[in-house]
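Starting off with a structure, shown below.
Here the chain labels run A, B, C and D in written order, and each chain numbers its own residues starting at 1.
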Amino acid sequence: MDRLLRRCRIKSSLARECLAEFFGVYVLILFGCGSVAQVTTSQNTKGDYLSINLGFALGTTFGIYIAKGVSGAHLNPAVSLSLCVLGRFSWTRLPFYVCSQLLGAFLAAATVALQYYDAIMDYTGGHLTVSGATATAGIFSTYPADYLSLWGGVVDQIIGTAALLACVLALGDPHNTPAPPGLEPVLVGAVVLVIGISMGSNSGYAINPARDFGPRLFSYIAGWGDEVFRAGHGWWWVPLIVTCVGALLGSLLYELLIGVHHPDSKPMDPEGPTAMVQKTVELEGVYPEMGKDRIFSITSADIN
Amino acid sequence: MDRLLRRCRIKSSLARECLAEFFGVYVLILFGCGSVAQVTTSQNTKGDYLSINLGFALGTTFGIYIAKGVSGAHLNPAVSLSLCVLGRFSWTRLPFYVCSQLLGAFLAAATVALQYYDAIMDYTGGHLTVSGATATAGIFSTYPADYLSLWGGVVDQIIGTAALLACVLALGDPHNTPAPPGLEPVLVGAVVLVIGISMGSNSGYAINPARDFGPRLFSYIAGWGDEVFRAGHGWWWVPLIVTCVGALLGSLLYELLIGVHHPDSKPMDPEGPTAMVQKTVELEGVYPEMGKDRIFSITSADIN
Amino acid sequence: MDRLLRRCRIKSSLARECLAEFFGVYVLILFGCGSVAQVTTSQNTKGDYLSINLGFALGTTFGIYIAKGVSGAHLNPAVSLSLCVLGRFSWTRLPFYVCSQLLGAFLAAATVALQYYDAIMDYTGGHLTVSGATATAGIFSTYPADYLSLWGGVVDQIIGTAALLACVLALGDPHNTPAPPGLEPVLVGAVVLVIGISMGSNSGYAINPARDFGPRLFSYIAGWGDEVFRAGHGWWWVPLIVTCVGALLGSLLYELLIGVHHPDSKPMDPEGPTAMVQKTVELEGVYPEMGKDRIFSITSADIN
Amino acid sequence: MDRLLRRCRIKSSLARECLAEFFGVYVLILFGCGSVAQVTTSQNTKGDYLSINLGFALGTTFGIYIAKGVSGAHLNPAVSLSLCVLGRFSWTRLPFYVCSQLLGAFLAAATVALQYYDAIMDYTGGHLTVSGATATAGIFSTYPADYLSLWGGVVDQIIGTAALLACVLALGDPHNTPAPPGLEPVLVGAVVLVIGISMGSNSGYAINPARDFGPRLFSYIAGWGDEVFRAGHGWWWVPLIVTCVGALLGSLLYELLIGVHHPDSKPMDPEGPTAMVQKTVELEGVYPEMGKDRIFSITSADIN
């Protein structure tokens, strides 16, 4: 078995990272959209809004555990883009990451539809609709509340994604109080949880272009029709574009208010920097593939 | 006291491991099925679907804490089988582990029935039924929703168990982002939690042959009768057999998409591998019984 | 300020430990019974059964954080007694610990009554009753469900307290998979959470004589009258006595099934035991007061 | 980008700390008040009382992650004041911290109002009221329950804030069982969670003058009018003043019952203190800016 598997080994670093991003987003959406499907088709008897929040939070956590050691686990085009702008990720890899993330989200939506096929058919009587009493398009992608204006939705997604990035950058900042090694995925999941709890009711907290657009594309093809693009006065582009603006804003805010002011690492104690370098080396020894393109790595830019 | 206890010491490594698997699954089912009993007999006043999810999740967590240092805490025949196929567990130990797991689940179901005897009698009026308004067979094992086709149930259990194995293998992969030492049980419990939250409504997320078949056998003997095997068009074999297929699929997916592509451990930094070996050695020093048959151990196959 | 405080320093180790047990149980009950008071007087609008479970779980967690470094944080006479029987705690300290625990629980119940005085008066109209529509005695101590027989209650408390001790001993067993240093309080809190989720509906999971008897005594004095001792066919002695039997049973079960079979610490790797001793020494250095009477300490008996 | 950001670097240590306190409280209130807005405007369909508790708890957690490495993350004037009285924070910095905290809370309340503008307008029909069926002032600051007397409210806030400080001091006490490095923010968040679960129904657990007064000021200006100061018989000063009294009481209680009795660090093992000092040195090396004014730092006063 071991030998058979070894024959499938891919040596291209980029291909491995794309596979990891693909599988990480796949798991994120499988658990996230799965929890919406469970709550929707069971008519709130087997879960409520908090289970949906937990589904996306823990989906994020385990998506990161699956991908982090290989690709850094961005799992979100808006995150990849922000890291590019901050100079912590290479622009040339960006399109490959984004495509892998979108593909993972698309296929995970298909898997959820397969797993809940009987349930959706039973609940809807076969009528796949975007709105109405037995609407099920919300299993896959986000739609705004009736009261939400377009401008209100734009503000909502900017604030939500900015909050995500500010918290994630804090968790990975070695000069601040970084998350303990090995628990970053849990804490990033907790960020997604609290965003769902405090910013979910306006428009379903997409805060991730791949999470929203991949499943939306699937629902368009799978029978929900072009209403998935027309609903909410053409809401679909907001989670796709505005989240990127929000992510950049959140990154800038964290850097301008906290990150950029860290003093140069010349502490009074002479043993300090050595200990720090040693720690870095040791970590790189244990996880040898750790590179520059990680959210959580200690890059030279961070140290200077 | 200490001396008295010491006389009971068993030196056979296999016997110790079987005791650990037995006690681990016992605790898993005691808390898991106990939470279903509480929700069912209190008619949702002392818990809801989320408490059942938490009961099985934390039951898994503490079952693992009880068994992991001795047997590796598979607690699931489908996990043991997958590790055999991956070459990380010995085929000769497989039947012993599986029997211990089944026995633990059976006796735990009996304990739950004992603890909730008065409650079940009061709730059912003494009529132990598999379906109907006061059905209580669901305390012990899983039954499909009315709408679920057999094929739908098969797909459901394959996806659920595959998700379990993919996440557990990621948490234990030393080349990825492994769970922090001592917190693996909590994170595996969280995997069970999110599966219950996102894949629980179709058929009750058995995802473990022992968890389902042991208690089902108990309920058959204890008065619920052969309806426990006939219900759901003979559902009982799906959680018994299909979960094994799903576990293998999930293991293969993780290995093919992530695990097999890890490069050989020859990092650029020359101190890397040494640090890694030292860490292994140290861990083995502290927990001296750590062997090859663990999900979370750093085996030579992983290092090569 | 610092100087003023220093004048109050007590040097007696026993007195310090009693203060810690007192304050630890005080915090446990303050949060635990407080959450029941909140759910009861708000008529389930500001919490439900899960909040009560979380209140006692996190109360346990922070009670342990407050006491563990000083007294080992038993916080439960049944735990202290079991550790005596296992030879890990001194019999002479037992009565001092138990009295401190009871006093802490009594005063915390008084504090909860003070904090919720207006709410209880508003909810009950001033009628402090043990049963009926606006019964409030359940804020302080446990009462059995109407259906529960005395024998059923005895079984319930034996199983619950046995589960508590088995899990806590596993979390502190250095030869198994011990909880990570500094997270034991969180994990013991999680044990209390899952017991509340899976064994709470029969009789309110006292599983701790001090948690039940201290507040019961307070409610007797504070106006609920002798009904607190007569209710449930004289239920009061079950959480007081039977929990001790359950704790001993759980301890024995863990030791007989897992603990006693750990092989002598003579691992193949020669550096192993040294590393272990070093770790112990280092821990004792950092927390210099660490003694033999801790649940989580590495005692010589454990190492042999 | 990196260069542009570097030009904005502020070298004043006090200014950096004020920015961190500002941004930390901003995040706390953004998530905390955001979760109240979600529950209120969705009329409990997208969250319940537990989500509000989780919103403030996780808001605290991520507020601390954002600020802790720079300012120590007090995020609460009552905490800053208590640390001053205990001699662990400088009185001269106190007013700067308090103003930054208030400003952060004020602007976060404005952000919540912006994000939920459409929702609040839809829910209230444009009538911004402090009481009544569609009252929304509770999104921003706390108001007492109808039954609560002023004296009852004072007791409530004293007990709540005292509990907060006692637990936080325990989590940061290096002679007790301190929280694991990097997880302090999670555990302080859990303290806020359990206070909300067990002490939230009387008056909404402000336990933080900035959390209450900053948003109250915003709601006064933004259209809720002077009713926000008149409601509850002039409740507004209780969370502002009484929380400081409670914080001092809790600090004193912890020090008198636990902290002050820790023996001098002269353990029997001669390597002990050295190891401790080494640990301190190492920590200071990794986080070079760690100073005397942290809750969680090992100060010389603690060691003596």
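The criterion applied here is as follows: a residue touches a chain if its C-beta (ideal position, glycine included) is under 8 Å from a C-beta of that chain, and two chains touch if they have at least 3 such contacts.
Keep in mind it's a predicted model, so treat the numbers as computed, not measured.
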{"item": "Set of chains adjacent to chain A and to chain D", "value": "none"}
{"item": "Chain copies touching (chain B, chain C) - same or different residues, decided at half shared", "value": "different"}
{"item": "Between chain A and chain C, centroid-to-centroid distance (C-alpha), Å", "value": "40"}
{"item": "Centroid spacing, where centroids are CA-atom means, of chain A and chain B in whole angstrom", "value": "28"}
{"item": "Residues within chain B bordering two or more other chains", "value": "50, 180, 183"}
{"item": "Pairs of chains found to touch, sorted by chain label", "value": "A-B, A-D, B-C, C-D"}
{"item": "Chain C partner contacts - residues on chain D that touch it in the complex", "value": "49-50, 53, 85-87, 145, 147-149, 152, 155-156, 159, 163, 166-167, 170-171, 173-180, 183, 187, 190-191, 193-195, 197-202, 253-263, 265-269, 271-276, 279, 301"}
{"item": "For the chain D and chain A complex, residues of the former touching the latter", "value": "1-2, 5-6, 8-11, 16, 19-20, 22-23, 27, 30-32, 34-35, 37-38, 41-42, 45-48, 50-51, 54-55, 58-59, 61-62, 64-70, 73, 111, 114-119, 121-122, 180-186, 281-282, 284-289"}
